[in-house]
Structures are given as structure tokens and as C-alpha cells.
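The same chain A turns up in both complexes below, where it pairs with chain B and then with chain C.
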Partner chain A sequence: MYYNEMFDGEKVREAYTSLSDWVDHMPSEIRQMKQAEAEALFRRIGITFAVYGEGGDPDRLIPFDMMPRVFTQREWLRLERGIKQRAKALNAFLRDVYGRGEIVRAGRIPARLVYQNEAYEKAVVGFVPPRGVYSHIIGIDLVRTGRDEFFVLEDNCRTPSGVSYMLENREIMMRMFPDLFRGNRIEPVDGYPDLLRRTLESVAPAKCQGRPRVVILTPGHFNSAYYEHSFLANLMGVELVEGADLFVEGEFVYMRTTEGPKRVDVIYRRLDDAFIDPLCFRRDSMLGVPGLMDVYRSGGVSICSAPGAGVADDKAIYTFVPEMVRFYLGEEPILKNVDTWTLWKQDDYKYVMDNLADLVVKEVHGSGGYGMLVGPRSTKKQIEEFRKLIEKNPSNYIAQPTLSLSTCPTFVDEGIAPRHVDLRPFCLCGERIELVPGGLTRVALKEGSLVVNSSQGGGVKDTWVLSE
Partner chain B sequence: MTMLSRTASNLFWLGRHMERAETASRLFEVGARITLLPNTAQGYQNEWESLLRATGASDQYARDYGDLTEENMEKFMIFDRENPSSVSSCIHNARESARIVRTALTSRVWDALNVSWQEMRAMQPGQEDAADLADFVARHAATVHGAIDGTQLRNDGFHFMKLGYALERADSTARVLDVKYFVLLPRVEFIGSGLDSYQWQVILRALSAHRSFHWAYGDDVSASRVAHFLILNGEAPRSLITSVHEALWHLEALLRRYGGDVPHTARDRAQALADRMNAMDIDEIFEEGLHEFLTDFIREIGQIAGFVQDDYFHGRG
Partner chain C sequence: MRLKITHHTVYNYANPVRFGVQSLRTTPSVFQGQKVLDWKIDIEGAECGPGFRDGAGDWVQLWTIHGPIQQIPVRIEGQVETTDLAGVLRGHREVINPLVYLQTTDATEPDDALRDLAASVGQDLGKLDLAHELSRKVGEAIKYQSGVTSLTTTAAEALAIGAGVCQDHAQVLITVARERGLPARYVSGYLHADAEGNVHEAAHAWAELHVEGLGWVGFDAANGTCPSEYYVRTGSGLDARDAAPVRGVTIMGGAEKLDVAVAVEQVAP
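Now for the complex of A and B:
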């Protein structure tokens, strides 16, 4: 049985008491009108974009569901503690593996998984970025299976996207249903851009004097998340730059302006490591800035997230995050990991191959619901095909049990019905670790579907945290 | 706040492309109207050919279409995305520039651009006649321009956009005038004939200027008066001299804003051009040859645009 976030049998749960009234008293013609209005608003502002790594048509609109997803203050506080704890441990891990590697020496994580990881950047070994922070924006994907049961599906330590949806969903809800916000005390999320700017300013390099100049580095307007890049730059009041707007001279990075070169101190990059500096990484990259890494390593500019941060978030390292929490913080993890079988282990391999029909199998470096097998929803033929893929390269895969994702009431053609949801909150790490009360809730709009990815029929919801 | 060179360049080109879209539709209208008169030995094809020559697109047209028909010309000048100067290409490019610099534009400007792009996309060749097409484009161009004037901050970004408009307008009026030269080229004896006067009227009409012309000069539509109106009259909104003065005004504003340390070659050249034109009279231009004058003028405008690029869009790194 799935955990229904609104109903406990017949009884409405605490978080949804006032919304239940609102839903009951909304005639279907008003609902349809409002739904059309919401779509028109999204189209008007031009928010079309795909969530990280999902691919698909960049001019596509992600369906917006007007029924909010609600957390009580008590529920949120626990989540918040768990998320911050995890973010802290992930950064401690990064600091460690680019330094002495204590966790490997202590035998808690196999050396191979760290040092032979594709995302491990030898180019930054021994360099400690300002405040020892590697990953400044961490998106942690969570699912819920019970009242107090939250599981982390994956960590995103590189450049998680979707935060513009969190902000726009709220904006649109407030515009369409101001009464709801008058009647309920909902924690605001609109402080995010400001908090992000302060976080980025707080990690300015040692050589920076005066107020740091922050820029967002985008791959360009053909990128599917370009809307988000320009949206954030606008709200933060910083420049949105492409690689060709920046150049290196001497010890610093400059941007080309109409008044000549201006020094840049902090780069919030929204492109992958491989593309940021053709001299250091991929030579054929046209997106990056030649010489950027030299300036970075000599403390002339900060890059967020730091090159190499990706080693903390792949699916093989994921299984060790609870271990990191214990090792670096001396605490018990508040948020649980999903049980994970790693196919490079003999025992796990045997178990998984014997039980493919009941498990979810994922590629270690895959994302967005591609390159995965959902056993219970696959045909025998699909399972056998996937088996062959696994046999070719077992260490490329992990397996997890199929989770009973919680459901949230969602507007559908016939009225309102439960649909499965997940949650991506965005944790900011700089001088302090901060989290705005909310996140991006994705919902699987197809009945019975557990896949929330927008490329496969997923939508989004506003996410509320009630204040005391 | 400092402005990225790339941002400034996109704003500049947004202005140029919007103005160019209007030019393309105006030129098409001129062509369609002139062909209503069977005026030359070669027949109507001659006018389309001259129009293509004035826009420097003859080769591309010959390659992609061949036959000079109004139907083909409509496709080429209005809808063809392979033709960089077609209305459709220009509106697409203007919107693309706008998309890149969304944050430097007000939502009204973006809306206006986005709507014109969407409506343009929904149109099919052969749906409207030339005059309606020109109206359609002029209406959208005016909405965008109005949104810019009405809502944009008067900062450097505004000046770059308006500079783009002004330089493109100078170039465009010169090219429309040049069409007239090409039309007349083979048959000098038409000068001063009724036909000649009709063609000048068509050009005035295409520049939405026939009423203001009559207001300023009375009924006599002679070559030298129309040329004076479109070249040297500082009150005519699309005249060469007005466009040069407007470009100069925005370049002056940039100089004031950035100070003398930022290079201002474009401003100096525009100033020199404006000084030269202030001292000109129309007889002098006709003596030199209208076509020669226009060719020099178009080249000079191109060079000023090049200096804008060097002064502001390069970022010196």
C-alpha cells in the first residue's frame, strides 16, 4: 500500500486540512479555467525547459499541477536537518579525497571507486577551494514511503537544475490563488536567489578585493536549461556569460564589456567539468575559457561547483554516503539510503540476476530515467535484453528494490486522484549551510506510474512548508 | 551595471533586424506596385531584378528560384529562411537575440517580439497581398519599437538598440532610393515623364511618407524634391540625414556615459558624416550621380557599424 500524503484512510492529515476544503469547493469549470490560465502564464514567461539530463524538446512545457504538496513544520525540520547533514558530509568527503584520502585509508570506501572514478579530477588534487567547499548547490532527490520514512534516491553535487520551477510554481500559485496564501501560513521560498548570491559571494577567492563579482556561466541559449540560467542571473542581479565572454590574462579572469575588461571573482558554472577549460580538459570544447583552471588553482577565481565535485554524486559512491556521515561527522544519518546492490560484488551480482523482475537496475552514470530497468514494469523480453547488457559490464550497474513512492492528490481529468511524487530540495553551502523551506516536487501524472521525469509524463507542483 | 559586449551586440542586432524586416516588406511592396505599370521594354521582370540588385541578393535568388514572379519574390523576400534578409529571417533573428538577452529587455518588449514571431510563423505564402503584408510587418515593427521607447530604461542597452535601428534605417532608405535608380537605369528618357513621377510616388508610399511629403513640398512630385526629402530633409523621419543624426545622438550618449577612455571612433565618423551632409545640397548630389552618392553612403554606414563593433563589442581581451 502506498503512503497517501493527504489522507489517512478517510481522515485528512494535518498538513492538508485547509486545502481539503479548497478542493471540495472548487467547481470543475473554475478548475479548468484556472488550469488554462496557469498554462498561459507559463507560456508567456517562456519557462520551457528540461530538468537536468532528461533531454527532450527544449521548448516543451512541463505540466503544472495546481494542487500543492504540503509539509508540516515538524516534518520539514527533520528533513532539513537530514539534508544539511548530508550536504556537510558530501563536502567533507570531497575535501578528503582531494587531500589525504583518510576515508580510503581507513578502508571505508574502496580506493578504486574513488580514484578510478570518471568524475575524479586529478587536475585539482591538493588544491582546497575557499572555505573548503566543493559543491555549493546540492540537489538531493528524496522519496517518501511513510509518515517518517524518507529515502534519498540520489545526490546531485554538480549543477542540479529545477530551482526555477520551485520559484515559478510558487509565483504562479500566489498570482492565481492569493486567498490560499492569506488563509495558510506558508513559508516563503523567494529568498532563494538572494541566498544563492550571498553563498557564492562568501566563497570568493583570496585574491579578491572588495565586493566579489559573481557571474553565471551558461553553455548558451541552445541549452535546455538556458531559461533557468537567465532567470537566476536576473533575480540575483549578476551577469549571465558564455565562455567567449570571458578570457584569462595574467592571474585573473575577465569578462568582455562595452567599457573594456572587468575582473570576475566567482563563476557559477552551469556546464560540465569537461567543457570549462579546453587547455585542461576537452580540447575540442568551444564552451569554456582557455586557461581558466590555472587561474582557479592559483586562487584568482572561484568555480562553483568546484571541478571534480562530481565524484561525490555518482551511483557507486552513493551507497557510501551514510558511511561518510558516520566517518566525518560522527553522527547517525538522519536520511536513509535506498538499499542498493552493487553488481561488481559477487554476492550482489548473483542476487540481482536472480531477481531482476522485482528490482530497479540503473547505470552508475546514467540519469533521467534512461538506461534503467524497472523490473516489475518490464516484459520478459526487456528483462532478458537488459540482462545481456549487465553481463557485458557488471560494474556499470547498481540495483535497488522498487520503492512504494508516496502519493499526493493531483488534478486529473476526472477530478482529483492520488499520483506518485518525489522531492528535490536545493541545499546551499558556503560560509553557512542553508536551505529554503521548499523544493521541486515532481509528480508522475500517469496513473500508477512511478517515473516522475518530465520526459516520461511527469509534471510539477508547488511545494509548501507550513509555518508554526 | 556594466554591460557584456555580447549583450550590447545582441541589442544592436535586435534593432537592426527589426528595421531590416520592415525594409524587406517595404521593398516587396515597392516592387509589387511598380510592376502594376508595364513601363519598360523588358516588362515587369526588370523591376524585380532591380529590387534584387539593390538588396544585393540577385545571385542567391537566381540560384534558388530562377523565375522572377511575384509569387517567387514573395516567398523569397517575406518567408524564405535561407534568405538572411527575408522578413521571416529578420524577425526570427531579432527574437533570437532577444531570447539571449532576455534579462536586458522589459517584458513588454519581449512580449511584442515573441508575438510577432509567433504570428509570422503562422503565416503562409500567398495568403495576403503585398500591401497587407507590408501593413502586417509595419504594425508588428511599430509595436516592438513602441514597447522599446515606452518601457526600456534609458541606459546603454537602449542606446545600442536604437543605434541599430538608426544605422539600419539609413542603410534601408538608401537602398529603397537605389531601387529607383536601377528601375530607371536602362531608359533615361523616362525622367520627368508621368511614369517617372508615379514611380517616385510609389517610393514615398513604400516609406509611408507620401502624405508628409505633400505636407512639406506641395503637389509637385519631382525627382529632386523627393530626393531632397528622403536624403537631406531633417524633418523627414526616414531620411538619410535624420537617420545619421539619430545614430550620432545615441553614439554621443554612449560617449557621455562611458567617458573618453572607451574608444569612440564610430562617434567621430558619424559626426564627420553628419557635418558633410549638413553642408550638402541636392543639386550637388545629382551632379555627382544619385547612384554613386548612395553607394558611398551605404559604404560609409557599413564602416560606422564596423567601428561600433570595434569600439564596444570586442571587449579588448
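Now for the complex of A and C:
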């Protein structure tokens, strides 16, 4: 019933032929030793994940599974085309709805969903950022249900995180099992930081002269993704700054340094819209830079992702992404959406309420596996509690069928067993649209669990794309 | 009518300000009812940064202030030729979809009393009549009285008090209009105080409601009228805070005290 990515019955699939041998010849004491080694390495480099609202150890390690997840070149090429197509359509949509709104005029997306969306940013209407790109790093969450069946679960157009795990997982695998990488032809992922930097530099504002100065703006060390912010700054060779390190003067933004102020051209912000400029958005924000939006709007600095990019990735707009692909690109979508019921429609509402036990229900603006109901894995009591939440505010929810997520072999206490996985590739949009082969594979470590979020007991795997 | 506006503000700080940023929306809008003859903004000791016209058609100008400075004088002066268009904002270039102005904000969140007020107006009226009727009702519900509300008073609070100033009239009208499905926004500007002998301050605020076929139409519930040649429009927003003519922050400085003098006079062409 679930698609097993390694086994077709008794037969090992093409992608996993060499790994099968590797697993069969690994004695369990070696495996345990290696697993301990991997954990020690992760601790030493300091890659931990703070989980919101769960208490306990804030520097908990995200569990790493040594069994890689593998795609053949043929499988990847199709995914890559689908992801790039989707990224292109999402940016075309953003450019459109902050301009003339042709897709709304054409009646292909309801105006209400766009213009009354809380992520729609009035302050940037009419402004076209460099190269017309609004979302520069798009994390597209994919699940697989069959050999050629891939579905997009959600798009992340604001500040998707997790790419540091993609890089670290590879690093650690190569360190622990160099022979594996000699014996297999695996596409490298370590070009990502360079590619990211080139992408960011390619969207420098017109007023920038010479090589653009890029910085990463972080909310600070208490943020759960702070490790990733500093990791990426380090690998790209750019400064990691907080709001207080930047200031606006005249027509530009400057960074305070020990050698005096330095002009900043591109800000890769890992901070929500609401916090980037207290003059424009939340006035109580201590994390942002006063006046930043005025400099941005007048072309003195680029902000990645662009303020307002979030209107493309909420779960209500999600249902229209295939329509965007058709409307802007004149193509059929390569990647499919999951069927989605929107609870503000009466028929959908009735169907969902009658079938809560079989469905997954999510908040329109939720993320991280919070505020959701997985019907088949919930108790009657949990379902009834969630029903009350939906009744209070139906338009805040969407529902989807429980998907048969594919499984990958995963090391467990008893040896090796199938566990459900998803995939988040990171697509970069600047002068070109590019992505490194692979992405972050998350795995639900609990037997039978379909929730892969690290905050809900998920782990990660190295993701391989085999060369031809 | 030719109006001369003099708007002087002096910001006094308890301690010297080290650094400050001000974003100003104090330049008259460009539309058929207004022609800007000259307009000057000067902030002593400040550097004029970038300026741009935003999606709502407002001119935004950024200033940065270098300290140490304990007093920041802001001088805004100019002349505008105005024409009465019965409140219609004709020929105003803007790109924001009117539906955006159905979004509510903290200050314009409806409560039961506001919903009741919105519902008290006839259900069978045309959009324009509905707008006029709502404006009239708001004028009745809120007595003009200064000192009973503040800059942070919400629409719901103002209606509960039953009194307030132009900001409160505008925010209450915006809230009830949105409740009835009419996009509505807050407008800030100036009012020639001699108009019909009213006593309001020269720095004024009113509401604009979007009426299909006509576009944006101004309603001054505080004065029971639509903006005429006595009015000068400078900027708009979802509520008073969003439409604020001046937004700024200063580093250090401590307690802030403002001295404001605004005059709107009629001058001979």
C-alpha cells in the first residue's frame, strides 16, 4: 500500500542496488558505533534544533539516520523541471498581484484571497524588485506516493529553513563512509553556498556599484534557526548581522563595522515581514531597521525574500498554484497538488466535518506541524476538540486526504525498517533559476507515523541523486 | 481656492538625540481637486533621503537626523490651488486594489456596538447613499469634543465614549463602512479652518469610501460634509497609525515634547 523506495517486492530498485550491498554487509555493532559517531559529530559542530513550545532540552539534536535516500538521475530531472516550473510561476504570481493583478481580473483566483490576505503587503504595491524576483529561496515540500507520483504539500516562499541540514548530512556521511562516495557517483551539494551567494548578488539594486555587499539579517541567537543563519553566513563569506548593526542614512543602508560604516546592497533576511522596519510594520519591533522599507522602495537596497512574498505560499493560495502555472507559463504543471478542501466553501465544509477521522486538517497560516489534525492517527477526543476549533473559524482551515507517503529503509533498534519520508529541495531564483541536486529528506522515525516535522519526532537523511 | 499652509513642529528632547529617522507623508496628493504650486519641507540638521510615490499614490520622503541634537524643528510650507469635486478623488493615480481596504486593523476592529451601528442604516440603499448615510450616523454617534480620546483610541472605544475628534470620526466611519462591504480608508491632510465657521484644528483627518462607478469619495463625518476646496489631502492608510503624516524613531533622546503650529490661510491668486 505504501510505495517503498528501495524494494519492489523482494527486488531491490535500481537506485538502491549498491546501498543494498552496503547494508547487508554492515554488522550491527559497527552500525551502533557509527550511529554514536554521527551523533558526536553533530554535537561537536553544534547543529541542534530548538523546538518551540515543547520544553525540555532546547539544544536537542535532530536525529540523523545514516541510511541515505536515493534518486536516480532520471527521477531527479523530472522533479527538477517541476520545481523550477513552480518557482517561476510563484514569482510571476507575486509580480502580478503587486502590479495589475491580471490573474484576478481574469477570474482565475478570487480577489478576496489575494487582497484580503494578511500576508499581502500594501506597502510594496507598485514596486518591482530587481529582475522581478520576490522569492529568492523557495523550499517546496514534496511527497511521493508511487514510482512517478510526486505531490507538492506546500510552498515556502518566505524564509524556508533546513538547508544547513542538507549540507551537514552530506558532510557527515562523507566523513564517516568515504568508501560509499568512492563507489557511487553521487551529485555534489556543496556548491549551494556559492550558488546562493551568486543568486543574492544577482538581485543587487541598480544603484549598487561594484561587487554587491550581501549580509544575512538574523533575529538573534534565541531564534531556533540561528545555527543555520551563522552557518550560511560563514560558508558564503558574508557578514551575519542583527537589526542594531544596520542603519539607514540618506539613500542607503549601512552596516556598522570596526572600520566605519559599510554600505549594504543585499539583505538576506531571516526575519518576518512584521519585524523588519518599525516605521512601516510593527512599531514595537526591536529587531528591524527603521527606514529600511523607504530605502528598499526607492531602490537603495534589496531585501530577500521581498516583503509581501508570503502571499504566494499560504495554504489557501496553494490550491491555485497549478492555475498559476497554466496562466503565466502556458504549460501544464509537472508536479501535482494534493487535493484540498477549503473550509470556507459550504460543500467542502460539510464533507470535511463528516470525514474528519480520515483527513488531515491544517491551519491556513500554520507551519511546523503545529495546529494540525491527522485524522487517522488521532483519538476520538482529539478529533472532537479539533472540530470545535474549526467551528469557531472555518475559513482558517483547509483539509487534505491522508496521503500514502512513500517509505525509505531506515535504521531502527531492531535493524532496518521502512519509515515515511518527504523531501524539501531548495530552489534559488535570481538571474537564473537553479537548484542543487537533492534537498532535505525528513523521516518520521516513529513506526507508522506520517508527521516528519522535526518538532514532532522527525529525523533527517542524506539525499542522493545518482549521476548518469 | 488658493490655500497657504504653514506647518511647523519642534521636537524637544530631554537628552541629546544621537541619531534619528523620520518618514514623512506630508506632501499634497496629486489629483484634479488639487494643484501643488510650491511645497517645501525642511528639517534642520537632517539629511534628505530617498523619496518615492507609493502604491496608494502618496509621496513618501525619508529623512535621517545626525546628533547630538536636542531640538528638531520640522518646517513644512507651501501653496495649493484647490477645486471642489464634491469629495470625489478624481484623477488620482494609485495601483492598490480597493479590496485591500477591507482589511481590518487593531484600531478598526468591529465590536457589537460598531456592528449594530453599521446595520442601523437601510439595507436597500445604493452604495453612494449608503456611504452618506453611514457618515451621517457616525456624526450623530460621536459628539465633537477634544480631550476625551487620544491618538491610540480605537474605533470601538470612541463609539463607547460617544465623543471624540476627527481621528475618531474617521476611524469609526471606516469600521462601519467595511462592515457593510465598502472598502474604506483613513485620510490625513489640512482644513482651512474658516470654512463654515467650524472650530476644528487645521491639521485634519477624514475617511474615504470606495463607491463602485465613482471610485474613492471623501467623507468628513466630524463636519457632516464631503471634502471641498477647503481641504488639502496628503496621505492615506488603513487607520490613523497607517496614515500618519510623520513616523519616526530616535536613538537616545528620552522624553519627547512637541510644539506644533499649523495654519491654513486663503491667499489671493
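What we mean here is this: the second predicted complex is superposed on the first by the 459 of 468 C-alpha atoms of A that agree within 3 Å, B and C clash if a C-alpha of one lies under 4 Å from a C-alpha of the other, contacts with A are read in each partner's own complex, and residues count from 1 in each chain.
Following the convention adopted for this analysis, a contact is a pair of C-beta atoms (placed from the backbone, for glycine too) under 8 Å apart; a residue touches a chain by one contact, two chains touch by 3 or more.
None of the values given here were measured: they were computed from a predicted structure.
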item: Combined model on chain A: chain C and chain B, fit or clash; value: fit
item: First (chain B), second (chain C), both or neither touched by A:147; value: neither
item: First (chain B), second (chain C), both or neither touched by A:377; value: neither
item: Touching partner for A:262 - first (chain B), second (chain C), both, neither; value: first
item: Which superposed partner A:175 touches (first chain B, second chain C, both, neither); value: neither
item: Touched partner set for A:297, first chain B, second chain C, both or neither; value: second
item: Which superposed partner A:123 touches (first chain B, second chain C, both, neither); value: second
item: Chain B versus chain C as contact partner of A:101, first or second or both or neither; value: second
item: Contacts of A:249 with chain B and chain C, given as first, second, both or neither; value: both
item: A:185 touches, of chain B and chain C: first, second, both or neither?; value: neither
item: More chain A residues in contact - chain B or chain C; value: C
item: CA minimum distance (chain B, chain C), superposed complexes, angstrom; value: 7
item: Chain B and chain C contact sites that coincide on chain A, given as residue numbers; value: 247, 249
item: Residue numbers on chain B that touch chain A, as the complex places them; value: 1-6, 8, 96, 99-100, 102-103, 107, 110-111, 114, 156, 160, 254, 258, 261-262, 312-317
item: Sites on chain A touched by chain C in the complex; value: 98-101, 104, 111-112, 114-116, 118, 120, 122-127, 247-251, 278-280, 283, 290-291, 294-295, 297-300
item: Touching residues on chain C, where the partner in the complex is chain A; value: 19, 21, 23, 47-52, 54-56, 60, 62, 64, 95-97, 99-100, 102-103, 238, 241, 247-249
item: In the complex with chain B, residue positions of chain A that touch it; value: 44-46, 221, 230, 233-234, 237, 239-242, 244-245, 247, 249, 254-262
